[in-house]
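Common to both upcoming complexes is chain A, partnered first by chain B, then by chain C.
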Partner chain A sequence: MTERGPGQAPDDSALYVFAVCDAPDPAAFGGLPGVAAGQPLGRLRFGALTAIVQTVRAADFTDEVWQARMADRDELERYARAHHDVVSAAAACCPTVPLPLATLYHGEDRARQALLDETERFRTALERTAGHSEWGVKVYTADLPAPDPSPSPPRAEAPAAGSRPAPGAGLAYLERKRGVQARRERRHEDALRLAETVETAFGALSAAGRRLRLHAPELVGKGHTQVLNATYLVPDHRGAELQVLARTLRNTTGARIDVSGPWVPYSFVGEV
Partner chain B sequence: MTDLDLGREAYPIPGPPNSNLADILERVLDKGIVIAGDIKIDLLDIELLTIRLRLFVASVDTAKKAGIDWWETDPALSSRAARNSLLEENRELRERLEALESKTEETSDH
Partner chain C sequence: MEREVVPWDNPEPLSGPIGVPLVDLLDRLLATGVVISGDLVIAIADVPLVRVSLHALLSSVNERVPAPWADGGPL
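Moving on, here comes the complex of A and B:
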């Protein structure tokens, strides 16, 4: 880890900023590759705060290159995790405000000036998240098994192709269709109610909460449907309480409730 | 040092070790403090990323409009095959009804 002196990066390089910290320990970043192999992570002081930075090849961080990168799941994952690892290492040693992926400057002077201009926002975010962590809460309902193909009560036999329909076939069809619709509405309502119950309960022990996008069914996997993807800013001393609440809600609702954390409070520094 | 009192004594170990890509992306992509960089990189189009990588469902409404059977998870209810079989049954019943009606008309013509 290097302390950055004044100076301008060469023309073919750019400065990548991961996070803004209050007095980071340089030893915390040893061995982390960052987003550019072979380049050490550095600290860039601006006022009383410090940014965690890395010199990268500008050609690797053009918009064009990033658009291609974002179309490649493996590449995107590599960069997202590299960024996240540096942010997490910073937060493990000192109060940290994460920056989103790919914040880049033409050099240290440019970066320092831009960061200085935002000092008030960084301070507000640091104060807001001090002593708090982010916890993700996901709720899933189990999918119902496929309906029984031989329904009860017994209904008119489906007619063989070409024969006359048995009496009552149309009525049975309508009733079946109504039943499907009613079941669907009931499950939709149950899912919304479950999501609200869980959201209210976790909200009560959090300083803030927000809903994230629901994950795609491919990501959730077969057998379950995600009905809530939320994240909460929780005081560190209530972390254990959060786990107890998750267990209680699992028992009372029967739903699958996944808790992830503690996260660096990415989701709660953006509004300042 | 700084004049901030940030309660420096305890830091949790951040970032669950086995977090999946979506968990990380939904945090590093458009969260954090956004400050203007020198190099303009358009990262924020999560909708586009969703279409490309199928990581997220933008919202329940969008999912429904996009034809994702979000709540209708019964395979027998949600699959195209099941819908087609209902349509097929409906069509057969209509044909039979027409056939019956034309027969009735023939009978009353006599």
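Moving on, here comes the complex of A and C:
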């Protein structure tokens, strides 16, 4: 951990800013690699606040390089976790505002000026999140094993080529389709209601809540559908209550409810 | 990288050896934060190209699988 003096980085380097803190303990970052191997993490003072920074090679963070990185799952994961590790270390020792992945400046002077310009927003975010943690809540419904076969008549033998369908086959087909559609709508409404129930319950013990985008079916896996991906800013002393609530809701709704946390309040430091 | 400073008293099984599921991490890392303008590239939430490649990567909610809600989230 190095204290950054004034100065401009050489042209081929840039300054990566992880987070802004109140009063970070330098010892908290020992041994963390950050996003650039071999470069120590540093502190950059601006006004009364401190940014956690690291000098990186500018060539590693050009548009093209970064896009390629974002498209490579392993690289993306490596950078996301490295960033998260530094943010978590900062948050463990003092109130912290995480910055988005890959926030970079041409050197310390530029960074200091840009951060100073945003001091008010950092202050607001620090005040809003002090004494709070973020908790993720995801809700899933179990998929039906298979389409309900009972209302549909047994399938007739495949007609020989050129033969006509049996009388009434078209009507039966339409009714079957309508049944499928009605069931789909009912399940959709049930899912919406379930999501609202869970959202209301967690919202009641939170200072703020947000819905995140739903995860794709490929990520959720077979057998379940995600109906809510939400995240809440919860006072630290209510963390245990949140776990109890999750258990209660699992029992009353029968739904799968995954809780993750406590997170550094990533989702609640911006404009919410 | 074993260092997990913020403790997780999560009763659910966590996917992956490092603890925090990547997809949940990305939900938070890429979509949020105080977006300030950096010099070089990227406040990621503002970069459509990155968003596009992430969509390809994570196959998030797309046209084929409409989200039940209009405001599907920050990404």
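In this text, the second predicted complex is superposed on the first by the 249 of 272 C-alpha atoms of A that agree within 3 Å, B and C clash if a C-alpha of one lies under 4 Å from a C-alpha of the other, contacts with A are read in each partner's own complex, and residues count from 1 in each chain.
The rule we apply is simple: a contact is a pair of C-beta atoms (placed from the backbone, for glycine too) under 8 Å apart; a residue touches a chain by one contact, two chains touch by 3 or more.
Predicted model, so just to flag it, every value in this text is computed and none were measured.
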Notebook entry, point to check: Of the partners chain B and chain C, which touch A:Y140 in the superposed model: first, second, both, neither?
Noted result: neither
Check: Looking at the overlay, does A:S88 come into contact with chain B only (first), chain C only (second), both, or neither?
Finding: both
Checklist line | Touching partner for A:D22 - first (chain B), second (chain C), both, neither | finding: first
Next item on the list: Return first, second, both or neither, reflecting whether A:G31 touches chain B, chain C, both chains, or no partner chain.
Entry: second
Checklist line | Partner chain(s) touched by A:R187 [first = chain B, second = chain C, both, neither] | finding: first
Next item on the list: Give one of first, second, both or neither to describe whether A:L99 is in contact with chain B, with chain C, with both, or with none.
Entry: both
Notebook entry, point to check: Does chain B (first) or chain C (second) touch A:Q243, or do both, or does neither?
Noted result: second
Margin query: Can you give me the overlap between the chain B contact set and the chain C contact set on chain A?
Written below: 14, 17, 20, 58, 61-63, 66-67, 70-71, 73, 76-77, 80-81, 83-85, 88, 91-92, 97-106, 110, 114-115, 118, 121-122, 125, 134, 136, 188, 191, 212-219, 229, 239, 260-264, 266-267, 269-270
Next item on the list: Spell out the part of chain A that touches chain C in their complex, as residue ranges.
Entry: 14, 17, 20, 28, 31-33, 58, 61-63, 66-67, 70-71, 73, 76-77, 80-85, 88-89, 91-92, 97-106, 110, 114-115, 118, 121-122, 125, 134, 136, 188, 191-192, 195, 210-219, 227, 229, 231, 239, 243, 258-264, 266-270
Margin query: For a test of understanding, state which residues of chain C touch chain A in their complex under the given definition.
Written below: 1, 3-12, 14, 18, 20-45, 49-50, 53-54, 56-62, 65, 67-69, 71-75
Item checked: Of all residues in chain A, those that touch chain B in their complex -> 14, 17, 20, 22-23, 48-49, 58, 61-63, 66-67, 70-71, 73, 76-77, 80-81, 83-85, 87-88, 91-95, 97-106, 110, 114-115, 118, 121-123, 125-127, 130-131, 133-134, 136, 143-147, 161, 164-165, 169-170, 173, 177, 180, 184, 187-188, 191, 212-219, 225, 229, 236, 239, 260-264, 266-267, 269-270, 272
Check: Contact residues on chain B for chain A in the complex?
Finding: 1-8, 10-16, 19-43, 46, 49-50, 52-60, 63, 68, 70-77, 86, 89-90, 92-93, 96
